[in-house]
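Just passing along the structure, written as structure tokens.
To keep things simple, chains are lettered A, B, C, D and E as they appear, and every chain counts its residues starting from 1.
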Amino acid sequence: KAQTPVKFTLDWVFQGPTSPFILALDKGYYKEEGLDVTMDPGQGSAGAVQRVATGAYDIGFADVNSLIEYNAKNPGKEILAVFIAYDFPPFGVHTLKKNGIEKPADLAGKKLGAPVFDASFRLFPAFAKKVGLDPKSVEHVNLTPQLREQSLVQGTVDFISGHYFSSILDLKARGVPAEEIVSFNYSDYGMDVYGNGIISSPAMAAKPEVVTAFLRATAKAWKEVAANPQAGIDAVKTRDPLIDEALELERLKLSLDMNVLTPFVKANGMGNVDPERFARSITDVSEAFGLPSAPAPDKVFSDKYLPPKEQRMVAP
Amino acid sequence: MASEPLVELRNVSLAYGEGRERMVALGDATLSIEKGEFVAVVGPSGCGKSTLMKLVTGLLPPSTGTVLVHGREVTAPIPGVGMAFQNSTLMPWRTTRDNIMLPFEVVAPHKHRLRRHRAEYEAKAEALLASVGLAGFGDKYPWQLSGGMQQRCNVCRALIHEPEILMLDEPFGALDAFTREELWGVMQKLWLERRFTAVLVTHDLREAVYLADTVYVMSRRPGRIVKRRTIDLPRPRTLDTTFEPGFVEIVHELRERIQMEHA
Amino acid sequence: MASEPLVELRNVSLAYGEGRERMVALGDATLSIEKGEFVAVVGPSGCGKSTLMKLVTGLLPPSTGTVLVHGREVTAPIPGVGMAFQNSTLMPWRTTRDNIMLPFEVVAPHKHRLRRHRAEYEAKAEALLASVGLAGFGDKYPWQLSGGMQQRCNVCRALIHEPEILMLDEPFGALDAFTREELWGVMQKLWLERRFTAVLVTHDLREAVYLADTVYVMSRRPGRIVKRRTIDLPRPRTLDTTFEPGFVEIVHELRERIQMEHA
Amino acid sequence: MTGRQRRLLRLAMPWLTLAVLLIGWELACLAFVVPEIILPRPSRIMEVIVQRWDILLRFCLETLWTTLAGFVMAIAFGLLLGLAVGASPFVYSGLYPLLIAFNAIPKVAIVPILMIWLGIGALPAVVTAFVISFFPIVVNVATGLATIEPEMRDLMRSLGASQWETLTKVGIPRAMPYLFASLKVSVTLAFVGSVLSETVGGNRGIGFLMLSASARNDSATTFAGLFAIALMGIGVYAACALVEQRMTRWAVRGQPSR
Amino acid sequence: MTGRQRRLLRLAMPWLTLAVLLIGWELACLAFVVPEIILPRPSRIMEVIVQRWDILLRFCLETLWTTLAGFVMAIAFGLLLGLAVGASPFVYSGLYPLLIAFNAIPKVAIVPILMIWLGIGALPAVVTAFVISFFPIVVNVATGLATIEPEMRDLMRSLGASQWETLTKVGIPRAMPYLFASLKVSVTLAFVGSVLSETVGGNRGIGFLMLSASARNDSATTFAGLFAIALMGIGVYAACALVEQRMTRWAVRGQPSR
């Protein structure tokens, strides 16, 4: 069977949470679907959206909220998300017990360390609004990801924002005991936003059968990884032989538990959205980002590329 | 001497610098050089002899007046010149032989032939080196030579491509009397064979009279030509010639004219 | 001349290069120079005269033999020397005056005084420039001077700090006869006043005899000292002296000795 | 062309090239319908610059002074190290490989460590600008010293000059044109360094501005920042060029003045 | 010291300095109890290198060839542009400010655009290495040409040499020591460029390795990557130095050989 070339970009480096893609590639699931996939790591969601928007890549894995922002700013050139991977987003802010922050309201007047492109940071105003905090009362310091957790440990900043499967593991690696870490996950505070999803370039969107085939193979891999996380880690290892297996396994498990295998996914399968919640999330995000107008939900997500539900039941 | 002169200077003057810095180095020089003539220029230090040479070859444009070569006004350096500058300009990154062969790499008929006839050209360079007493020094770098040896190389480089016009700016100043006199002979022999046009700047009046057909004497700065003396001693001249009364008399005559400049 | 000599060379030889490249430039030279003596060295081009000068001042270590100054072996350049190198080493980024004043910036008693007594030192430089016929050229850069002018500057720089030992390597080679003879007078006057020790390398035998107490003649490469001739003509010598039979005879004697080297 | 015309043309050249470049860019963007998010048109960038010149100016000044501080340190240190490397073959062989190694390492890997030690703010930016920009100065100064003609060396030795005197009286002036050449490279690196440090951490300078603009997908502002850096670079270059013209005139003697 | 001892010492110097540096680093880490995640001890880094040398080597080779390809392009282009800039005052005044502007811009802002055009993989890495590293060559070549002594220029003109012949027979050989000096700077920048491009996109090379290591806080591996780059830098330097020694011997004549 002739192979359709597909260029696929991740949002970040090869890590546990993105292992299903690698597994699908390595085990030939894409090939079985007639796809010749090449896969590259990325430099953040905004970059991944850009890459797909410009057609440099056909399909990407990116934060849906970045996509909302892009679509709001480029009306008429919208990019569609075709599959939601993180039903609950891994967004949150984190601090240490010693800083005396016990509830979100305590964040007022504190110093936030975060990279400016960090999704948790960009959504912080929405989170603040939900918990009744004036976002302006928080002082922000831009920090590269390598500096973020260290700065928290050193006390340069009072709290940080970031994907908790990065930040918490990172803090632990710096010798902070788990019980010292205080995390506020946005999804626990009524933030109904979605996390990462698979996005498709306009050119690819015109070939629904290819997109669907890609999603089918991906979902299959996700199911396999959900059942056997170690298989995912083994796959990552083929790409990046130097990874710390235990750490990546922990990261993968965290993301599976908290972002992927949510009750909604267990009930409805992976990939789809709850339309009402999705519309709400778009409003929230648009407000947090200060966008001129909120894009219509059907300009952000389409379910018409999804494979049938039974192929998306990934929970073991 | 009715034929059209090869090089003609008409009321040429040259000033270096501009504004307050301006200094006239050469004032109102008029002279003409026939094809095949051997001209010598003598005069006190700093009177503009080197400047004159650069004007004749078009390396410097005159401030006023015109320089004509073959009857046409000169605006760019004229081709087919061999120049030995006063301060030797050997390239320290080339061996002596390669330095001498530089004209072959640049001048027109040779540069196309050099690749295929390398050995022939190298032999030529070696022969020339030998004729100035530097046999076996081809592989040395210029900074491995003594001052006088460097000067001899410098002259060789000007000669090697058999130019029509040869400009020699104090070519033997750093040599002992005997080496120098030997080279006069070499030079005269070459000239008799090839009859190139030559301009020689020197402080040695015996050298001037030995080699030249015409000697020009220049005044102190700003240099003007104050005397033109044709030397009609028979050729070939030998070292013995230099002790003949006719020769000695001319030298004395020139010497006295220069001395007037020093009064 | 019973006192201890200032500089003494004992069986000194010098070879440049190593291995196949090795070439003996100076072979087995033995000579001694008294304090206050004016020595001249003559010899064919490339015989090792410049090399000898560098050995005497410790700029080059001898390959064999020993160089003694004040009875002690020389291992590093000796201080208090004024050297005029054969190729003028003026710095193109300094004006003529600043070039000449270089020794004041480096040599011991002056460098500490220069700041406060700048005007005085500058006056000294101007005076020296004027004495070699370069009055008014202090503000020019070396590349704005003619070849002969550069050479005069080069000599000025060697003289200005009134060194105890003066080394002059063909200092007047690029000058016309009259300027040169003027400078002989200047040099002799300075020497009579200060009685420094001087070594002069030259190709002009009249120059050597006019200025020196002792003339050494060197053989062809590898250079050896083949003749030592003391000149006991009375001082001060004048240009008239050079036409006296005694003078002319010495010149002839030296000339003949050198000619033997050229046979 | 007369001398006057030549001089005028020489003054106009940078502007002409710039104009050609920008117009070409603008046209290319229009012709290939390049989306603004990838590469904004110069006219759009100018618009942003005009609109937000006050903010840009403030951030620029922050970057400018850290850069200059780092650059000045680089000159001082580069000269000293260059002298040491050029003067002694032992220092040369001991230090050169390490310097190469250090400079081949992307500074972006080191800046976070720097910040952990130095804190966040102007200091790490100055230090980054410094460490990234001293090397070109070192190599040219060292080369200048290593290639002093032996004749000059002999001259200085015969006067009993110390190593240091030889360096300052011969080595440095002689290498002056190359010293200025290295400053041109060095100043561009200093800008790269301080902007780099600003993107790694802190809330100051053009680097931060560009990073946060790009996080908002605001390409026009990001490019306005790039333009601002380019402009500052040219400004510092012009200042250096003025000094250069005075100090290296001897080296380009007889050449049409530049 | 005899000449032989000196030569040996000179060969040993880089290793000695390196040893001193590493031991100092190790001791400092031990003394101040620096956590490995911030700055690993050299012994730890060595451990990683020894354990994973095969993987490191594979990634290194990828980086090395892109770097070398970019470096070679930079040499060729730098020479040509340097010739143009050095030979004509118009090109000089027209291009220099733009070159400065271009080089002051952090390349990290341009690489993503490059990738959109060129795709991911080796090509953008080569191009980045090239654009980041040609400038030092340009400035030194241009300076070499602009400062040709007028005497040499006159000599070539009197022979009727073309501009090009003057450049190749005088300009280039004369500037050779500085050309090599600029190569030293240039090669380090080429490494920075290709590593930079590897971190921005693609899954190849030491840059990728370091990025993913640092994303998971594996400092020891990140530093192993840095060490690998440093080593490659020194390797390329050593190769250049060999050629340099042959080609610039005339310029350091009379100097103790380096």
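In this text, a contact is a pair of C-beta atoms (placed from the backbone, for glycine too) under 8 Å apart; a residue touches a chain by one contact, two chains touch by 3 or more.
Note that the structure is a prediction, hence the values are computed from the model and not measured.
*Asks:* Enumerate, in label order, the chains that touch chain C and chain E alike.
*Replies:* Joint contacts, listed by label: B, D.
*Asks:* Taking each chain's centre as the mean of its C-alpha atoms, which one ends up farthest from the centre of chain B?
*Replies:* Relative to chain B, the chain whose C-alpha centre sits farthest away is A.
*Asks:* If you average the CA atoms of chain D and of chain E, how far apart do the two points sit, in angstrom?
*Replies:* Inter-chain centre distance comes to 16 Å.
*Asks:* Between chain B and chain D, tell me the centre distance in angstrom, where each centre is the average of that chain's C-alpha atoms.
*Replies:* 48
*Asks:* For chain B versus chain C, what separation do you get between their C-alpha means, in angstrom?
*Replies:* Result: the chain centres lie 28 Å from each other.
*Asks:* Using mean C-alpha positions as chain centres, tell me how far chain A is from chain C in Å, no decimals.
*Replies:* Taking the mean C-alpha position of each chain, the two centres sit 85 Å apart.
*Asks:* Taking each residue of chain C in turn, which ones touch at least two of the other chains?
*Replies:* 87, 143 - these are the residues of chain C that touch more than one other chain.
*Asks:* Give the residues of chain D touching no fewer than two other chains, as numbers and ranges.
*Replies:* 38, 116, 150, 199, 214, 251, 253-254
*Asks:* At least two other chains touched by the same residue of chain A: list those residues.
*Replies:* Residues 50, 54, 146, 150.
*Asks:* Can you check the complex and tell me which residues of chain E touch chain A?
*Replies:* Against chain A, chain E makes touches at 35, 37-38, 52, 55, 112, 115-116, 119-120, 199-203, 208-209, 211-218, 221.
*Asks:* Spell out the residues on chain D that touch chain E in their complex, using ranges where they run on.
*Replies:* For chain D paired with chain E, touching residues are 6, 9-11, 13-14, 16-18, 21, 38-39, 89-90, 92-98, 100-109, 113, 116, 135-136, 139-140, 142-143, 146-147, 150, 153, 177-178, 180-182, 184-185, 187-189, 191-192, 195-196, 199, 207, 210, 214, 222, 226, 229-234, 237-238, 248, 251-256, 258.
*Asks:* Touching chain E in the complex: which residues of chain A?
*Replies:* Against chain E, chain A makes touches at 9, 12-15, 39-43, 47, 50-51, 54, 56, 145-146, 150, 169-170, 173-175, 239-244, 247-248.
*Asks:* Going by the contact rule at the top, pick out the chain A residues touching chain D in the complex.
*Replies:* Spelled out, the residues of chain A in touch with chain D are 46, 49-50, 53-54, 69-70, 73-74, 77, 115-117, 122, 140-144, 146-147, 150-151, 154, 156, 289.
*Asks:* What residues on chain C touch chain D, complex-wise?
*Replies:* By the definition above, chain C touches chain D via 54, 57, 59, 77, 79-81, 83, 85, 87, 89, 91-94, 102-103, 105-108, 141, 143, 167.
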